[in-house]
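Presented below is the structure to which this report refers.
As written, the chain order gives the labels A, B, C and D, with residue 1 at the start of each chain.
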């Protein structure tokens, strides 16, 4: 079912199969297709990489659903963000023809892992900054809501500091992965594999903590399911009453808009796919292990404690 | 704006104001109104408690919006749970008359805190079991998705164990608060204040961790925004293709249904308001502090280390 | 090497082998010996349980070393606690004769696991209260040090609250395990296995957090290796200078005593063996898994989402 | 009591007071003295910085005590590390004369904060690598102990990965602080203040977690107070018995040495002062707050949600 070559022609290749959960396709002019990994000689038709325009023939793109997505078709502030957004797509290739000059890999199965690794390293370094930016918005939204509730954000200094620490950690680890990277012969700068993958694990943890703190700080109004709809708030019969009761240190409508922003950021359409975007944290942990030599650590310990005996555990026979 | 008495009549009272973010009103026959706290003589009109039928005159109830709530009006499995659900309401009292025999408190401001505390103790003990049940569902959904992805849940033993620990902790702390409670003169059993409030803090943390682990274990398909709509999956033109590519260790449709269940549980309409339900964690922390005598702890330490000197910090003058 | 029966006589048994890391032997009159688990018919000599006086013939007891233990042989406050303490011992049995009437188990290998479980359940419930008491002392010592440093403990409200939460959680989970226990036919009350083992995992985590907060709150003086010796502080040449510079909101000597108490509690001879006392946390996790039926959780999820398909993962063939 | 100038002479200055908890003095030839901060005109005698040889006249240095420090005067492996170690000292200046050419600051109170900040930035960046190195030793020691216990370290993959993540995070954040630093006009490279201080907070948390995991993985033998002394292990009467029972997948003596190494690293003389070394985590949090502009975050949130209303909280009047 994975994408693979079904026909080789003089002027290009024909591919079939699917690429799923692909981010940003709706906003892309060109789509870059990467192979998977773990291929052997027999799988060489799967080692394929190319670039296509989004509207190429025989390609069906199905966009996925996000939480509260239909609100985007409504009027009003229940969807608080007008500009931008996140999309994921399923790309279904039904015998798509790719002209030769757009093909980067076709059958070179031994290089698929390398190609993917060269993609993963910058991706897992860069997502740290991506989620840090989202997290900065959460700090702002939570502090704004605190003010709207009539409480100075200084009361929440400990919580805000923790959010900053979370954001700067994923941002900083990306910088560190870049700083310890090396230049690829092609001229491209490739971040460090170990630090990139450590960052991927942080990205699958810290933003969840930041979201939790955002809801903690913002109070009940910003938590899930605690705000009437924009339509109700503007209802001619009881909308004024709602606005009156929503009013605190700012107008009821502004307070409602901030609450919707926090919903959008923490449990709505604005939540990014931190967990599996750029691969799963379990995959990153495997690479962290693969990047580390346990015997190196053991030798450090033996040297410090002046231990000479060689200690090995025989693998169990089955 | 808080609910208060605006008129005292021979046969009852007239109240005005709002009660917001009230859970379960849609399914209730009778609504029990509690006072707030912190009232003095001048605020005695706010010290009011009574019971009303949901359809009483001059009461307007506005239900709130939850993530993805409009899916409930659609056909198909994008809303995976048919039975039950969670609701929150704003109750707007515009001069509602409450007959005398339905009034429990009216002006006894000195007892408002006590009344609220008698509500908080069982509430904050019991929510531990409530979120533990939700968490058990997450274990089941994540394990089912692992199987659907073709992976034995045994691979995820460490993650499942942590989910069980989270669930059993909030459940267990509720049991402990009950076990250390005491009988109120009225005959009602009132759980321990300290343990109930400690549990409230856990309830505002651990379920967030359980949700994160659920998404971690289930893989990309169950993360936010990674699944086409039910309508697309059943589209006559490309639905079969989607089903084909969604198929793994079970049918594509079943796999999609499990993914929607996880979305519902972790970032959809099924997410309970753990953070501020039953009061905020910061409020609970204040009660934990109030339930604890720092000098008792200090005396323990002084006795153990045989320290005689009395050490005090003068409050700063302003 | 484990303890086992080497001879059966009419009037008793003779045992050989070791029991290691046994707590409290130095203060015990009688020592209760438990078997291990996992025995089969061939191992039945290892299924042995009895009670002996500490000074029985052919038993050698070797006490272990604790951090900073030799300070107990010094004068002065470098060892801040005079009364009580923790000990661990290695018990070496070289053909010890146990009279018949002191033997509880001898060869009944099928009951060894049950016997151990009946020991583990109350033990892992009770250690929660044990480490909570230690943690209460840490709250007191940290608050006292804050005062000695001239800072009101109110500045550290967030940290103290977290310490209370940690302590009350292990205490409360023990209570819960007791409350959900059942009466053994012998008349003994046996706590719940699942909650006891969940508590064991908490005991291997939360006290470490409490110790860290204690050092955080107490400032540099109470951290490892930051205080001159009692001998130096009382040196006729420069002791007065040290006392002068150690003085803050109390005498220099009292401040030094509090610092030593915190060292003793967090990195000295007073640290209890939370990690492996009563068995390892990994062992507890195994029992948590064994106490839980994954299919039960899966059925809950299937019922809620109305999923009929049966999904199984075939175990891999090797 | 803080160090300050008591006399200005033509050829130098005379200083009095103390510098406490100063690391590495025992191994230093020259000692660099920094001022404190927060000085005003009236405090200008405290704004003093200079360099002195360790054996200068009228300076008394008192080394502090560390856990288990007297073991260094014993024979055998109870102190497992022969080379290197950590020291802290109290420096007592009783009218020490500092020649002019060794004085860097003397009365320039307005520059004391700047000077300290220029010290803090590289320090708090660099300690990340320092504790990462310690943490690498813990990985090695724990893996070695696992092998000595007869268990492959692969069983503990999850724990080892977490230790690597902890170590690489403090290491990486230091690198990031360096990478985002700037060149001081003097030519020195000064790391970024925000990331340095974020790292300081990590250094006060993550190594404690790494130590906990080390003890978790190593088993009971490496936990506090669970091993007989080297003297007992070599006792002519029962030493052979102890060695026999300590033997597992390596000799009893080697196993004991590894256990002592882990004690030394996690609860002995080898534990570094992560909490307050280079300043306290609370101080670092203050600097994180000072480095961050909450209004910047708020503006980001307002722009995204298109909120125009200006929301301010008036400071409370007292």
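The rule we apply is simple: contacts are C-beta pairs under 8 Å (C-beta built on N, C-alpha and C of every residue); 3 or more make two chains touch, one makes a residue touch a chain.
Just so we're clear, the structure is a prediction, and the values are computed from it rather than from any experiment.
With every chain reduced to the mean of its CA atoms, the largest distance from chain B is reached by D. Separation between the centroids of chain B and chain D, computed from CA atoms only, is 42 Å. The mean-CA centres of chain A and chain B are about 28 angstrom from one another, to the nearest whole unit. Counting partner chains per residue, chain B shows two or more touched chains at residues 158.
Taken as a contact graph, the chains are arranged in a single closed ring, with each chain touching exactly two others. Against chain A, the residues of chain B that register as touching in their complex are 1, 18, 20-21, 60, 62-71, 78, 86-88, 90, 92, 94, 204-205, 208-209, 211-212, 215-216, 219-221, 223-229, 232, 238, 241-242, 244-245, 247, 263, 267-269, 271-273, 275-276, 280-282.
Those residues of chain D lying in contact with chain A across their complex are 77, 80-82, 136-137, 139-141, 143-144, 146-148, 150-153, 157-158, 160-161, 164-165, 168-169, 171-173, 175-180, 194-195, 198-199, 201-202, 249-251, 254, 257-258, 260-261, 285, 288-289, 292, 294, 296-302, 304-307, 309, 311-313, 315.
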